[in-house]
Every structure is written in C-alpha cells, then in structure tokens.
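Shown next, in structure tokens, is the structure this report addresses.
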Amino acid sequence: MSKTVELAEKLAKLNIADMFENDFYWTWDKTDDELAAVFAVADALRDLRENNKSTKIFDSGLGISIFRDNSTRTRFSFASACNLLGLEVQDLDEKKSQIAHGETVRETANMVSFMADVIGIRDDMFIGEGHKYQKTFMDAVTEGHRDGILEQKPTLVNLQCDVDHPTQTMADMAHVINSFGGVENLKGKKVAMTWAYSPSYGKPLSVPQGVIGLFTRFGMDVVLAHPEGYDVMGEVEEVARANAAKSGGSFTKVNSMEEAFKDADIVYPKSWAPFAAMEKRTQLYQAGDAAGIDALEKELLANNAKFKNWTCTEELMKTTRDGKAMYLHCLPADITGLSCAEGEVENSVFDRYIPSLYKQASYKPYVIAAMIFLAKVKDPVAALKMLDAQAGPRKCF
Amino acid sequence: MSKTVELAEKLAKLNIADMFENDFYWTWDKTDDELAAVFAVADALRDLRENNKSTKIFDSGLGISIFRDNSTRTRFSFASACNLLGLEVQDLDEKKSQIAHGETVRETANMVSFMADVIGIRDDMFIGEGHKYQKTFMDAVTEGHRDGILEQKPTLVNLQCDVDHPTQTMADMAHVINSFGGVENLKGKKVAMTWAYSPSYGKPLSVPQGVIGLFTRFGMDVVLAHPEGYDVMGEVEEVARANAAKSGGSFTKVNSMEEAFKDADIVYPKSWAPFAAMEKRTQLYQAGDAAGIDALEKELLANNAKFKNWTCTEELMKTTRDGKAMYLHCLPADITGLSCAEGEVENSVFDRYIPSLYKQASYKPYVIAAMIFLAKVKDPVAALKMLDAQAGPRKCF
Amino acid sequence: MSKTVELAEKLAKLNIADMFENDFYWTWDKTDDELAAVFAVADALRDLRENNKSTKIFDSGLGISIFRDNSTRTRFSFASACNLLGLEVQDLDEKKSQIAHGETVRETANMVSFMADVIGIRDDMFIGEGHKYQKTFMDAVTEGHRDGILEQKPTLVNLQCDVDHPTQTMADMAHVINSFGGVENLKGKKVAMTWAYSPSYGKPLSVPQGVIGLFTRFGMDVVLAHPEGYDVMGEVEEVARANAAKSGGSFTKVNSMEEAFKDADIVYPKSWAPFAAMEKRTQLYQAGDAAGIDALEKELLANNAKFKNWTCTEELMKTTRDGKAMYLHCLPADITGLSCAEGEVENSVFDRYIPSLYKQASYKPYVIAAMIFLAKVKDPVAALKMLDAQAGPRKCF
C-alpha cells in the first residue's frame, strides 16, 4: 500500500464532513479530527509530488491573494499550493486597484471573486482589524454566492491575521510531528514559546498566539514566557488553558526565558509587540495621529531595549533537554551579528538549526494545499486514492 | 437540448465570419449579429462553467494586459476570462520595464507578444490618446505577424479607451437583456444616461459614450442628460443618433436629470468630465504645464460643485417607471454618506440595488472570454458543442 | 520526416549528458555540443508551436523570476518560455518581500524554491556582484535539495549578470545562424562588436562580453572596438582569445569604429560603461558614498560625450560588406532623432533593420525554453519525438 493510500485510509476514519465548503480562520475553530485531516492530506500531497504524480484537482480557476503586509514565504507557499492543485494565482495589489476611491470591502470582495475558488488574506498589521477584514470579506462573498453573483463560494485561507497564523503554526506542527516520529510522541513534551529581543518593534502577535492556541492540543506542556507588559490577547490564553485541560497537557506563564528553556524539548524564541501597545497604535492610526505614533514607536523601542538579554544563546540552549531542544522560528529571524547587532538568536545557534528551520518552512505549501483540498473536494478519501492510482505525471519526461 | 447547445444553434444563424482573427475596439465597429454572438457565447461559457465543464480552448499561451490606469474589476475580469480559456495572464507593468528608455510602442508591442494570443489594453486617461495607443499597438503586431516575428497575431480586447468601454457596456447590456427576459423586450424602453455629481474630477467619458453608442441599437429611447458644458464626443453622439434611426428607437439630449429620469425603465447616473476640458488637459500634459493643470483641476472642481443637485435620490427614483427603474453603474460609485459626503447616488438607493449591480459586473469576465473565443476559434458553433459534450470537468473531484 | 524529428536526430549525436539537472551561467561553461543542443531544441520547440502542437512537459510547477533590474523583453521571454513548457511564473518582487529585514540570500533562495523547477535571475547592476548573487543562490538551493528541504533542485537560467547575458547572445546567434543559412557558413565572417555613444551612462557590459565570448567559437573574425578606457573584463577577453584560437577564427581589439566596420558581415554597435568605472561605482555604493556616485556619474557622462562620433551612421554602414552588414542590437537602442538627440544609431539605419531586429529578439523565448528543457528532461531526444507524434494541439479549436 502506498503512503498516500495509507493516509487516505487514516483520513477515512476522521469526522471531516464540516470541512467541505468551509473556511480556515483559526486552528481553534477546528476539531482535532479536522486538524489531523490537514496533516494527513498535506503528507499525502507531498508523497504524490515526491512520486511525480499530478495533484491537479482543478482544470482552471483562480486563487486570489491579498497581502496587506509584506510576505515572501507565505506568498510563495500560497502560490505553490495553488499551482499544485491547478489554480492560477491572481494577486490583488491594492495600490493598482481603485480601492482608494472609497470602495467597500463588500464590493471589492465580490469584484475579485467571480472565478475565485480560494482567497488567501494576510492582514496582521492592526489589532482588532485583521480578522474583522477577513470576516467582512467572506460574509460578502457568501452573500454574493447566495445571490447568484458568484458561481462558487471561494474558500478562505487565513494567511495571517491579528489573532492567529494557522498556515504557519500548522506547518510548524507538521514539522514537530514528523521530527518526533508521530503525534503520539508529543504527550508530556515541554514547549517554550518565549519572547525575544529584536531591534525592530511592532512585530505581530499572531505567531505566539497561534502557537499556544495549537500546541496545547497535543498534551504538551506549553510555557509562554515574556517580559512584563508583553502580554498576548487574553482570549487566546483562555483557549490555550482550555486546550491544555482537555488534552492532558498544561499551559503556564512565566516572566523568565531561563525558566521556560529549562529542560524544554522545543523552543520558539521570537519577538512580538505588547498587545496593549498594539491596541493603542491602532487607535492612533485611526485618529491619524502621526506624532502619537512616532512617540509610541520611540517608547516601544526604548522599552524593548531593556530586554536585550532575552535572546537565544548557546548558554540557554545547553539548559534544554539534553542541550538539544528543537529550535523553531517562523523566519526571518533577527540574528545577532548577522542581520543585526543584537537580536533574537545567536548566530551559531541559528546556523546549526538551518536545515531544520528550512524543513519546518517547507511544510507550509502542503498545509495550505491541504486546507484548500479539504474545503473543495467532496470526497477527499476517494480523490487521494484516484490521484495515487490514475493521475498522470507532474513532469512528463 | 442543453442551454449551451441551444445557444450554439442560435450562433449558427448569425453572420460572424469577420470576427475570426479580428479585434474589439468599439461596439459600433461590430454588426448586430456580431454583438448577438458575443452575448450568446458569453451565456454559453457561463452555462458550461455552471455545469462544471472545462472551457479551456488553449493548452498554453499568454494573455497580455496593459493597464495604463488603475483597475480592479476589469483586471480581475480579464484574468478570469483568460484563465477560463486556458491562457496565463502576463501583465506589462510599465514601471518595471525599460519603456521609459524611449522605446517605441511598435517595439514594445512586438517584444511582449511573441506568445500572446490576446492583448487587453486600458488607456483611458487622455482624450485623443487612448484609442491611438491601441491602434498603434495593434498595427505593430499585425506587421510583426506578417514579417514572421510573431507566431500568431494576438487579438485586441479594448479594456477601456478614451472613446468606448466595450467590455463594460456589453456586460451592462447582457445584464439588461437577462433582466428584461430577452432582447425582444427592450424596444421602447426608456434609458436615462445621466451625469451625476462627484467630488473627484476628470472621470473618463468612455462609459457614457459607450452606453449611448450601444443601447441605441436595441430600439430603446436613450436620453443623455448632463449640465451645460459636460458634453461627450460629438462623433459618438452621431453614432447614437444613427443607431436610433436604424433600430427604431430614439436618442435625445436634455439638461435636466429630472426630465431624463421621468418614467425611465433604466437609469445610469454617473460622473464624467467635460470633453472640452479633457482635450485641454491632454494639451497641458503634453506641454508639461503643471501650473496649467492645477488651475484646470481647480476650475473643474469648482464647476462640478455647481451641480451637486445632480444626484440619484430616492425622490428621483420614485419618478421612474413604477418607481422601480433598473439602476446601473459601472462601479465603484461615489455614494453619498458612505464613500463621500456628497456624490452620485444616495446610500439607500445604492444599497437596495447592490445584488443587481454586482450581477451586472459579473457578466464582464464572460463577455471578455466571448470576445476572445470568437476571435480565436475558427468554428465556434462546433467548439461550443464539443465543449458541452466532451470536455472534462473544471473541478475534478 | 518532420523538422522536429530531424532536429531530434541531430540532438541524438551530441554529447549532452552533463546538461541534465545543470545550470546555465555563461556560454563558455558549455561545450560546443551543449550550445548546439540549445539551438536544436529551440528550433524544435518553435517548429512544434508553429504546427500547433503542445510543448508542455510539466503538468504543474513554478518558474521563479528575480529581476534586480528593469526588463521587458527578457521578462516576457522568460514568461513565454515557462508557459510553453507548462510552468507558471512567480515573480519575486523584493519590494513586497521581507528581504529588507536582513534575510540572507541562502534563506530567500530556499523559501521561494519549494516547488520551483527553474529560477531565472537578472542581476547586472554591479560589477563583481551579479554572478556572485546567482552562485550563492544556486549553492543554497543545491544544499536545500540535498537536505530534503526542496523536492527538486531548480535549474538556473542566467537572465543577465555582470559577466554574461547568455539568453541574449544565444538568441542573437540563433538569428545569425538562421540568417546565414547554417552554422557552417559562419567561418571567416567578420563581426564588429563596437561601443557606441549613448546619452545615458552605466549600461551593463554583459552584452559585449557575452558576444565576444560566444561569437569567437564559430570561426568568425571578431573585432572589439571601443574608445580608450572603455575596456571590458580582461577575463572575458581571455576567453574570446582562447575560443578564436580553437575555432580557427580571430579576436582583435581596435580603437576605431571605422576600422571595425570595414567589410564587416555583422555589426553590433552598442553603448556600455568602462569596466574600471563600474568597479569603482560598486565600491562607492557599498560605501554608501552618494556624493562620490554623483561625481562619478558626471565624470562618465562628460567622458561619454567626447565620443559622440561613435555612432552607427549610413556612411559607416556603406563601408561594411556590400554595404549590407547584418545589424544587431539587444534593444532598446538609443536612436538618434527618435529616442534621443544623439545616440547609438541613426534612425534611418535602425528603421531599415527593424524586422530583422525583432526577429533576432523573437528567438529568446525559445532559447530560454531550450535551456530549461535540456536541464529538466532526461531523454530530450525521445521527448521531442513524442511531442511531435503524440502531443495534443496547443490551440484546441
């Protein structure tokens, strides 16, 4: 039995009826079965591609991407995922559009979706705004489909909002599962999601939030560490706490990187901005208060600078499980002595983990493709089996 | 008999021999049969897609888009149309090209067209320039094809010039025909193409010109209303007059929105700039007279402001046929109290018509695809029948 | 026997085993057989397309383009080549990416290549940098493939570096071979690669370098002419000398356009910047010395202006073989009286050669496609025969 058929059999045992024609906002909207399905389909699509089998499920159709913030990894992962399935990417560049004319989100959403099978949106800049934009967009296309304007309801893949970054954390977790030899080996493992110093300010909170919201579902002991004041959204901490209680793991908060790293199996040191400051920034932007924004930036940078010792050093790594914790990062990292004078991680640590970090990133295209696959294919079990048995080659000669 | 076969039979009765390998500049270049063919093929392609049948007629090939002005709707419609037929869009971004080096249009045209099956151009900014650019471009590729430089002569689809906006008005008309239950029901219907106030200035004239040049062909009573001085091109008024005489309809000009709306079956209130002012602006740009342009802009905005009462209100809508005229707009509209303080239309009017307006827009991808189809397929009747009978699914699972 | 099968038979006699999974940096990395293979495959792909046969060898997959300098011709040629083979182009726009964050080339290279079959890079701006960037990039993806991060090692096609511009010069040579009726007719032909005046400064050296590095392999008498101080890289002159010795041709340097043009069969008058000045410019940029750069620019423009008489006139053309030398240019040219007051070539000369110049450019998509084809297809002889015999139509109706 091929790996793909094996994974299809596994998929057949999961309750995934609700995934068809559905959207992917946050991992905690999804059941354990649904997340397991994403991992299974991602692995199957990778297996098919490694065996030079076509994974095209669309003969034509568009994948629309909207990046309201810069992106390399996620942009190329989305493009790769769409191409893998037979969709062509069409990017909405708001600068080349008429959106500045005061067009509503509802209108834009419908105007770009006439032939869209999937919509990927990154909107992570402003607290309280990113998710709202995605929701407004999807409500509009759902209505558009109902009213006979759109031939099909496109599916949302959240490419990062102010709350979660599910394509990132699902790729992270796919890497963890594969590295630890299966999801059954994760119980009791200690994960340190910790703040780290960066010379820039205002990095999104969606990665730490996404990590504590997802990793707590696997019976792991998740520790969130940050300097005082660098809190993440309280609602997501609640999610993490509830997950841990249900999965038999734990969720703890500490104010010390050392404590978090101690005996950790996995470390994820990464900078982010304080939630309260980001809320304030959103208000200042909305009020058009440029002086206020400047002042806030200075204040935040000065505050960050107090915590330069929050950095992932060789010393700290030695205190992890056997001195060999898995080091995760969503990339790009602020690397001390390479990309900046003082940053999130020592160059020698980062350098040693490069192959693992790139492998971690390599799951993202497959995770995105799996999310689309499960939302678009009515019988994914049969589809995987047919692709494995009958599809033509991806490269023909 | 399927809807597509029915439409193919209808197509078989039309004289469309000249459409093969031809371009689409203005609707008034085309015979009634040729326009009927576009509507029939657009409907057939929509029917095929709604029935999940592949409409790919190309295995590979490029659709080149050149947007010399911003675009969302038309950009995505063109991309959708190309994708529907199997072409990949390649956009010519003049900022990333070497065009500023003084390259001629003739050279650019050939350099981007080696494997282009279709060229879509928007060039609507300057009176006397837009159409000229398209013509120069197409003359160059026709020559290039003749000289053995280009394997194929690409087909032009005018995505808006200074004279006409045929993909817009053909989509508008497709919506009208479908809403009124067939082209035979349009005779004697009153259409009000009227100017409306906008806080911006310099909007293209191609929509009102395109509407009077097209809608007068269906035996309708077309009224063009605008404040004094806001004339459109005289040549196009001539076209409208000749059309009306031939079709048994009428073409009238008035200087009152009220008069135009009275008992109208269809209203199309929309801002545009005075033709004479736009001619002057072109001259100022060519002379590089920045101060002159600023002065003209101020003068035009001040002049616009005299006509703020030219706006589509609930009051006015009540005076239309049964108070329920069809409200058309090419979008985005300037909506009073939503996208601006005072604009083309009252929010409550606009809001009520949203599903209809979006439906109107949804015809554009199919209209563009039909224009390409008819220019590229030697026997479109047979092709539609084969697609209906034998094509694989668009979405495979 | 079809032309494609004939070309496939020719290909079968060449030793091209090393081309599979290999990159294309410089023509002088390649054996004569390997270059002959590129020409043969390019001609075969053109023949297939002219006979409406599909040349798709990929069912899905990405072609990544990175243009660190503006481009029209090469951008559209790369897009055409990818489309011809079934790959979708995804452009890395460094402005929309997170590269400014200090990300390493190694990281970017892997992050954009998860599903990349080919990478096309233009990086011609800085002496000593362009090739280095391409090499660093390819080392990174080779490592990434070895470490199991990338499913496949993408192939490099050098779309212009600081040293060579192989897709340009191979297209130039394809045009020369076809115009002279075969490679066997090139022996003893005189080629004048000469500097010409341009009102701009700092044009890349990769074209003249590429031409002397390639044309000297065909037994031709290649003359490089430029004003004193406008030397090209010494290493490439060495390559040209060695080539000429081996091929039975010659490589000569003169400081007179007249001498170079005298009895020439082919002339290639084109502006470029002095190598020494470009080296200095790179250093100034690296030091962030804006004033130094300004001063250098002024100095170079003043120096250029001394050589306005280095221009391709009707007078000079009369001195070539029968007054009818083939005139080559990579385009766009600086045309006296058309795109500038004084430039590389007189308008009447340029104008007479336009069909030939455009034809020259038209080989580039096929040359790029051939480079990809030979790097990706294990048995290109069999593949061409199968495409000729069994592939479906490119345009289906």
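A few remarks follow.
Letters are used for the chains, namely A, B and C, taken in the order the chains are written, and counting of residues starts over at 1 for each.
Just so it is clear, contacts are C-beta pairs under 8 Å (C-beta built on N, C-alpha and C of every residue); 3 or more make two chains touch, one makes a residue touch a chain.
Small disclaimer: the values here were computed from a predicted structure and weren't measured.
Where the sister copies subunit A and subunit B meet, the same residue numbers recur on both sides for under half of the interface positions. For the two copies, subunit B and subunit C, the CA superposition rotation is 120 degrees, given to the nearest 5. With centres set at the average Cα position, the gap from subunit A to subunit B is 40 Å. Counting partner chains per residue, subunit C shows two or more touched chains at residues 56, 88. Those residues of subunit A that touch subunit B in the shared complex are 56-62, 64, 88, 90, 92, 96-99, 101-104, 106-108, 110-112, 114-115, 117, 144, 147-151, 376-380, 382-383, 386. Those residues of subunit A lying in contact with subunit C across their complex are 46, 49-50, 54-56, 67, 70-73, 75-77, 79-80, 83-84, 86, 88-89, 200, 331-332, 334-335, 338-340, 354-355, 358-359, 361-362, 364-365, 392-397.
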